[in-house]
Structures are given as structure tokens and as C-alpha cells.
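A short write-up of the structure that comes next.
All chains are identified by letter, namely A, B, C and D, in their written order; residue positions are counted from 1 within each chain.
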């Protein structure tokens, strides 16, 4: 067992000296440096995320989001979005780790122009019934609780066809990842708008009940051919699973939105889950690599993250940094509670970085300052 | 373009002679032979299946199936099944190619003992509401139109819990393939019966709407974790797809029952499809390697196979041999018609033998003796 | 544990009766039958191959092969091949299971015309230095001990450019499998001959030392891009492995010829191995599904197959049927012995039929009538 | 075609105003912000790497590397490494993008203690004949030009068993990537040293000539079982390929060190190539996502990167940032020149970020200030 002590064989522990400082200057002249001056920092004992747990309350954010409707024109803003910024990740405009999230508002009758980018996007609808998006020529209508994807490289545009109420949906993107990898591209649609096919929600209609379309052209893109996952059947799937299994000790009854052609995540850089906490259920803590943005989709509860108690109710958003202990509880004794979440687990999995462990003490529960759940 | 003439360079055309006949005898002494004596036969220009198109009418078979109920005890029969035997494949007890099918009847209250085998099985229920099966400890209840699988190596047993009506379901197995590959094994359950878990249809409950259970033990077996595909959602999925696409010119609107973890077939040796022919729809002919057993699941129609007209209605079973031209028509002008089918396409695909072509003439329709559809 | 007794619950045990015989006739009228009349036969306790172990001695076969050179013209024969036929598999022209093998002879200066077929072929050269083959436009020169492949669908032709000596190589094909699956096609090259590219053995030159060509067009075919595996580096690889590992208890030091793009078998229907038995080494017996054709590539030894002692020396060919116990011994106390073999394991693996077990008794050795090794 | 003009529909172009500035303050209070204030920056038209092209000359670095030998004890330094730091990536200690590289020196008889980390490492030996490394219990001896890997999570330690000369090898690691993903772990071996198996270079001995060991335990780790790729056979493979193909217009004759079980890169986060420029060869420019560190392994030449001429000779190291135009030339008219390189292409490929384009003008050559090659 390692002691996490940097003053032992196997760690760098070279003291500065005038000779060494002069030597370091020489190295710097050649765009070089001495590894041992930074080794312990860049080879930490365990992940040292700069992200911290944050809770964004919908009741706090909503008024400010609504304000943007009046203050900026959608087309001047590109998209009218209030982004959620982790205090430790301001320079990346990240909500946690390399994930971006924000609340986008579209007024009645508004629509945006079409563009595409290497960054992948997803949407989770908070309110409003008039939302639509066109992704690579396919029109989707989405309502509260619906989840939709806009994969890397797909043309997209969206709007609100309601006559009287705004739409607020949550965007999730891997922009910080894409930029960190020096791989982002952006393009405006040459005609500013796509011409969608005649069938709305066609990919949703085409995939269901564990059957797949046959005899058509083979789908070869690295993301799900299903562009939308409506709330109702998703929630129903979760309820059905709850009849069949006890679920995970750390997450309750949890499912992943998947690409039905692979059983894998919806996109190669971001995955998404929907989970159900039974009335009064309290999960045990675990931690793992990978960052997660959670949105309370139904009910009310509390999550303890890195020892901090974050109470939430429908619409609230919070995040779990990589390797932070976390556990969840449903505070309602009669109703189930649901959390939608998205994450960078596909990245961690592809690159071989997934690691997980259970919280070993106190029956799986972290100590918190003000412990109530 | 080849002329299919065996009297040309590149084909064997050695005439017998006394010297050669003597030579062939010498070879035979050493368990050897001259390739050229069989080359043209074992290297045919195109597949030469011994299977022929056959139509088995349910109204013909049902009385004989019912008769078996009285004539043999289930446990003496192993399973009480009338198997459908292609005239060209009697020595393999095959319905077509290397596929076996049969109609199994279980009287009210009957149940069979548990066993397992390397041959994979599937079920398609024709009638009766009391059918159940237990597959590797999971109890499934199945009704008319439901499709269920019993993969290679899984313990299984089944019965009929109805009080008054028999169950008739169709078995589909790859027994001829498994035997041809010298790979079949059979085992009787040491306790003759399994002890099923408490939840019925648990794998069906656990998989739906393009979400997958998460956080549980990873499924690593080479077949679908979903053991049942009930009629209602399957048919609904097909109807939804029909809204989104025109379908295949050869099959109408067609879907494959899939393993949601891979997007592939339900089992490595047999695939299954459900297809919908719109009112009055008539498809174009094509042919491909691979054998298919079809069951009319709904409505009435006619299929033309290798120039033979096979009219069918709900419950009827027919087969398409490898490389035989085939096309389908729905004879009802107002109702859709549905065909369930199973096949050995997964074998053909894994081994690189899939080949397909469209019928080139007459707008895609074969000449038939008595053409009416 | 099962007793392999057919007179128990779970097996069919219906006695004939006049009523049943009449019933069976009724069924036969409808192209149907009663499963229980054949169930125990088509669902055997374990594989019941019709193939038997056979040893074909090269010293016996060679004179007859040579005789063919004089007796038939190559172009009349198609290819001048003495095929090896298992006594139990005559109707399939199979050496064992669904595998075909034969010895092909080409006289000095001879060449064959080009064709292709769905059946896959492989070659193992016994003697002669002038052999060449052109596979999909790539010319390969092969000598004794070299292994080469002619995958499903590739154009091929071959010849012997020696001035004075014949070539004898061994063909291995999956013809019986391909026909059994009703999937064979045959085509004669429209110009009778291909025009090979300028570089001989280009695929061999392009793949070595665990590096792969980069920046060229991606290989997407389902077989190895390497068409030849020359003896010398293959044998050297085996000798190197022998330095690093003890090898398998059943096979000695054994390697598989692989597709370097997948690590898998060279073709989807047939795999090939080269194995080394150390001086005096005697392996333990095991059995598994899948059929194997062995060729003694170096040295002399004995194999015990299903209790039969088959002594072999370089050039000899023998076979192991599916599920037959087998073990090998090198009879030379000073020299290593090598066996080349090909098999249908890729089929068994793709379809989920691979099963293996070790011989449990007598220290892993079968009893034989005349036991000496 | 996009104009890269941020003052158009589809880009953010909201001017500051007192009201907006107050609004931004309100957002900041809630850990939120307005997307449109950063949108154009975080959604750039194309990648905007902070890395710049750098050339590190071995003749400049070597004296400073040698100096470290005297100035710090190996065990105090952890490892005695002069790292190469891109002027644009100092805060990440990265040579380019998210790749780290450095020159490590080990004096005669020195050895380091064992540790492991989630960051993956590779080595390319510059000089010295006494180098060894033990990776997960396997001892490897490596000499000049040899390439070796130390995958994520493998225990490793190394040393120099020469009596008189130091070893200098180049380390390549994905440390910046691993940290950016909040996924790094570090552990010191509980006994400080491993006990290697008896066979040196066993994984190298076990894999060659497109054959793979068979019948041993299946390798399931996500990286190559081959831990070393010696110079001589690698260079020979490249020379053989040069006989068979013209190579890539952008890279000359180039091969990737691969995992022979998958045909893929040696590790999931870093790939490595060896390429040969024929005497006098000058390639055409292209650009692609992904970062590359090059080391001149043989000969002398010049590379033009983002319009900068970087002349190199054996031992020199240089880098190509993501999306920078680059082309290479061999300046020797008689001898081939070789570049070793490592990259993050596996990351780009897994995540769907690979994109490439050819330089369209001037026959594929970039303008340079002082153009001579």
C-alpha cells in the first residue's frame, strides 16, 4: 500500500541548488526542462481534478435564462445559452472535466440557422412543448424529458414552433474535450437552413422493441442512428427494469441510452443515462474516473459528492468530478425520483482509463458536515 | 460471362478409359480418388440445393398435430412435435437447407423435463395462451405471435399452464447444421427441472426503447440477453417503421429481431425477421444464399418461389431454398399481412458466403405456370 | 452426469404400434414426420462423426500422383489432383468432416487457367521448386514447406516454372462445407489468365515483424492480406517461441498462421497451424469439436487418434475427426518434428460450437492396441 | 465554403453594453456565463493548437542530458530525464498537444525502482547497448533504434548493465492526456523491484512472421502483447515494403508498429510509426488532426512544418502540431533516411476526430521563408 508520501524512493525529491537553478535555465534555452522538477505534480498518486462539485438550482437559473430572451437576439448570440461554469474550469468553459453544459432558451416562433462542428452535442428538454431540431435533414420534435443527440459532424438547427411559450432545453457538449485535443471544426450551412425529409422523428419510429430495420443501406457512422429518446418510453423502460432487478447499489435502477446497432454509447465521446431511485432509496457511495453532469428529471433528493450535500429537485443540475465519492438519495417516501445524466465514460473506456471503487467505510456512506438524508 | 458449359477449358472433361478405370481402383485402395471425376459436381457453377420449395398448410397440419396429443405421451416423445421435412432433405430431417422446424403441441397442464443441447432453438407461437418456457432459470410466458429463443447450451423446459386449451408453437432449430458440423451435444438436467427466478419475462422487462441496463454484470455470451420478443411491441415496431420508410423492394417493411448488445442476430447460427406487406403490396423477386423458413403471422398472400406459386394464410409455413428466386404479395387489399421467418443468414455472414441478386427481368417478377397474384 | 442411456425421461422412447405407423404415413403425405422417431439420432449425446482417422502415406501416394502426370492433361483435368477421401465421407469427397484435401502435381513448364469459386483454398508445398500461383493479380512463388492461401472469391491460377522437376503441393479446401451450405459458385476467368503485377510475393514483403503498412488503402476483405507464409520464417518463428514458452500440453509449441490485421485465422472458414514437437516429446491427449488435416512437415513421429496409432514421417497426411481423442509424439530423440495442419476451427468459433476437453486418465494417454511410442 | 468571418449569421456577435455587463455579473454569481461571450473562441473554424513546431537538436541536448548524470542521483530524480517542452504547452509539460517526451540517461550499472501509472509510456533508444527494462515481469534488452512499450498499468523499472557507457533513450508518454482526463494514478512497487521471468525478450520471441502463439491463455489486455520492436527486423520490414509499394505521397514508405492480435496500434492512447524516405525523396504536404513527435532514426533530411524549415539528422527530435501542414525530404542522394514517430492518432480515431487533407497548391509543397530542400 502506498503512503502518498513524496519523500520516498520512487518519487522525485531533488532539492534546488544554485547549480541546478543555473542548469534549469540552460535547459529552458533549448525548450527543455528537468522532469524531476514537475514529476510529482504530473504523475499524481490519483486524479487531481480542478473541477469541484457544483449544484445549479433551476429556480435560480431560470429567471436569468428568461432574461436573455429579451436582452440578445438569437441570431446575434448564435444560440441563446446560459452556460454553467465550474469554478475550477473557467478557462475551459466547462461544467465539469471536459464537459460543457448550458440552458438554451428559444422564444415562440424562433429558429436558428444551421451549422455543424466536430464537437458533439446532446439535448435534454426542461420545459416547453414547441421544440424541434433538424439533424442531418431529419426533423425531430422534442418535449420535456426527451433526450436527443447531435453527433460530431451532423448539420443541425433548431427552433420553437409554440405560439406562446418559450422552450428551455439543456445542451451538453464535449467542446472542452474537442478543443483540448485540437480537433474542433465549425462550419455554417451554405444555405443557412436544411430541407428536412417529410417524416418527423423518423429514426425514433424506425427503432424499437429490440428489432432493427433490415434490407436498407447499412449504417456505418460511429454514433447511434437513433437521434431521439423520448421521455415516456425511456421512463417506462426504467420502470420495467425496476420490476426485474434490484439495480446497482451505487445508482439504483439505471439504464444507458444506447446505439442499438452496437449496444454502446450514443456517441463515441459522450454517454447518457437515466436512473430511478425508488421512494426513500439511498444508494451507497462509489467513485470512478470520468466526469458526470446530472439533471434531476423527476422528484427530489439529495446527492453527497466529495462529502458535500447537494439537495436537488426537478430541473436542478449538478456535477460529479472524476474520482469524487458520490451517492444519491430519493427524499420522497412515496414517489420515485429520476436523474438524467451525461458523461465522458466512452472516452475513458476507449482509452482504457476507467477505474472504479466502492466507498469502504460506514456502510458505504461518506461523512458530511450536515448529515441528514 | 460464363456459359455454364462443362465442356470448356477450366472444367474437368476427362473421358473414362480402361487405364483410367484401373487407376481409379488403385486410388480407391489408398482412400484416394481423382478430383477430375467429381470436380464439376463439387464445384458447381452456382448452388445446387437439394431442398425444394414447400408449403405446409396449417389447416392440413393442425389435425395431425392434435392427434399426437392423444397418441403419445409428451415425456415418452421427449417433445411432442410434428416436424416438417423437405422432400429433398429427408436424411437430415431438415425443412430447408440445414434448418429444422416442427409444430409442437402441449396439452393443458402438461410440462416437459429440462435438457440442453448445442443445437439452438427458437419458438413462434401459433395458438394457445398458456405456454411457458424456462430458459437458463428465467421463466417466460408466451402467447400467439410471440417469438422466443433457446440458445446453444441453455437449459430449457416448457409447458402449458392453461386449463382447457392446448398450445401449439413452432420450433425452429439448427439441428441439421449442428450435426453436419459434428458439434451436437445433449444433456438432461440433473434434477429434471430448473428452479426459475421470481420474475417472469425478466429479460423482456429489462430491455426496451433503446436503453440498456447499466451497472450490472456484463453479458458476455454470444447470443441475445433478450429471450422473448412479444408480438404486440414487435408488430408495433414494424408499423412504426412503415411510417418512416418505404421498405425493401424485395421484402416490404422488414425488421430483424436483434441482440440489443450487438445489433446483430439473436443467435450466432439463426436469425429471425418480421416483415409487413402493405395492403395489396407485391414485392420484386431476388435470390440470395441462405435458407429461410417463413410462417404467415397475419393476413393472407402468395409467394412465388423458384417459379412456384405458394398461396398462404395465417399459420401456414413455407420455405425458400438457397439461391431460389422469391417474391411475396399481400392478397388483401385492405389489411397488412405479416410474415415471420427464420434463417441461417448469420452462418452465411460469418463465413463470408452471403451473396444476393435482384431478378433482372419482367419488372422483377418471375414467370409462373398459373400466374394470378 | 448423464448415462447416455436412451431409455430415460428426457429422451424419446415411443414404441411403434400399428396406429402410430399409420399415423406416420399420414404425416409423410404432408411432407411431415414425428420428431420422436428420429430425436435420439439427431440429438446425440455427443458428436457422431462419420469420418474416421486415416493415415495417407506419402510414399504410397506419390507414385500414383506421378502417374496422373502422364495419364491426364492438366487442362482436361481442370487441375491434376489426387484427392484423399475419408471412408466415411465419400459422398462429400471429404478428407475429414467438411474439409477436402488432395495432392496436386504440375509438370515442368505447365500452367493452369484462371478461375474463382466461393470455396476457399490453401496450399502446402510438398516438393518442387518451380511452383507459382497468381491470386487476384498477385504472383507468389512457393517452395517446400510454404503455405499459401486462395480465399473465397479470389481469381487464381498456378503453374510450375521448373525446367526439369514436377511440383507436388497439397490443396486444402472447404468445398464440402461450401456445398453443404448451398453456397458454392464457380467462374472461369473471362480471359483465361490474369496479368500479375510486377512484384512477386508482394504481400509477403509488405507484412512482417509486427509492423503493418500505413497510409495505403484500407484492407476490408474478410481474409488475410498476406497470401503466403514461407517455410523458413515460419519455422524460425516457431523455434523462437520454443525458447520463450513450454507450449501446450496437447500440441507442443504451436502457432497459428494469422491475418495480421485481426490476429484471427487466415480465412473465415479455415485456419492453419504449424507446431513443433521437441526431440522425444510426447503430448497429452485432448479432444475438441472441429476437424483437422495434418501434414508431417519435418521429422517423424506417431499420433494416437481415437485409440489408433498412426506413425508418420515427412510428407504423410492424416486426419482427426471432431471430438476424437488425439495426442502426438516425436519419435526422433535428437531432432524436432513439425506438423502443419489446417482445420475448420474458424467455423466452430464463429458459430459458437468450439468445445474442448482433456483426456482424464492414464496421465493423459489413451490406451492403444499396440502401444509403443 | 465558409469565409472564417465571425461577423456573419451563425456566429456570435453580441456587442457589450452596460446592461449586458451587469447581466454577466449576475450570471457569474451563479457559476454561470453567457455562451455568446466565448462561443467563437470555443467553437473555432478549425483547430487552434497552442503547440508550435519545434526542432530539438540532439547535438544541443546531449551535453545537457549528460550533465544531469553528474548533477542528480537517479533515485532522487525518480528518473533522470530532460523533458522537451513546447513553448506553447509549458503548463502541461507537453512536447506537442497532449504528448510528453524526454531524453532519459542511465549511467553504467544504474537501475531504477519499479512503479506503475495510468499514463502509458514508450521508449526509443538513442545510444548505449546496456539498456534493459522489466515490464510486468518480462525483461527486455534494448539497443539503438529499438522501440519498446510500457502500457497503462504495467509495473516497470529499468537500468543500464553496461560497464562503461551511458544509455540515452527517449521516453514518450501520454501524461498530459491522462492528466487532462483526470485519470492518472501512480503506485510504487511494494517490493521496489520485480522478479523477472527467466527468458529475456520473451514477447519478441513469441511473435513473428505473421504467426501467433496458440493454445496458451488468451491475451485480453487492451495493448500489444509484444513489448519490444527491435530496430533490425523493423527496418528490414520497411525495406521489404519499399520493394513492394511506392508508399504514401505524404510519408514515403511508412509502417505502423502494431498489436498483432488486432492489427491496431500498440496502445489505446499512442501509436508509433517507422517511415523510410528514399534517397533524395521529397514528400507532398498534408495536414491532419492529431499530434506527432518525430525522431530522426537514420540519415538526414528536412521537414517543413507550418511553413517552417526544420533540418534534421540522426537523433534530432521535432514535432508536428495538430492540423499543421507538414512534408518531409531526405537530403541524402544515396542513402535512405528513416523517421521514427509517435502520436495520439489512436485517441483521435477512437473518438471520431481524425480528419486529413492534402495541401492543394504548388504541387503539394508549402511556401517557406528560406526554401532550399
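As a convention for this text, a residue touches a chain if its C-beta (ideal position, glycine included) is under 8 Å from a C-beta of that chain, and two chains touch if they have at least 3 such contacts.
Worth saying up front: this structure is predicted, and the values here are computed from it rather than measured.
A.B. asks: Moving only to chains each one touches, count the minimum steps from subunit A until you reach subunit C.
C.D. replies: 2
A.B. asks: From subunit A, which chain is the farthest off, judged by mean CA positions?
C.D. replies: Of all chains, C has its centre farthest from that of subunit A.
A.B. asks: With chain centres taken as the means of their Cα atoms, state the distance from subunit A to subunit D in Å.
C.D. replies: Each chain reduced to its C-alpha mean, subunit A and subunit D end up 30 Å apart.
A.B. asks: Cα centroid separation between subunit C and subunit D, in whole Å?
C.D. replies: Measuring from centre to centre gives 43 Å for this pair.
A.B. asks: Hey, how far is the Cα centre of subunit B from the one of subunit D, in Å?
C.D. replies: Averaging C-alpha atoms per chain gives centres 52 Å apart.
A.B. asks: Tell me, which pairs of chains are in touch?
C.D. replies: In this structure, the chains touch in these pairs: A-B, A-D, B-C, C-D.
A.B. asks: Spell out the residues on subunit D that touch subunit C in their complex, using ranges where they run on.
C.D. replies: 199, 202-203, 205-216, 224, 226, 229, 233-234, 236-238, 240-241, 243-245, 247-248, 250-251, 254-263, 273-274
A.B. asks: Given the complex with subunit B, which residues does subunit C contribute to the contact?
C.D. replies: 1-2, 8-14, 19-20, 23, 26-27, 30-36, 38-40, 42-49, 51, 54, 56, 60-61, 64, 67-68, 71-72, 75-87, 93, 97-98, 100, 102, 113-115, 117-119, 152, 175-190, 192, 222-223, 267-269, 289, 291, 321-323, 344, 347-348, 350-353, 355
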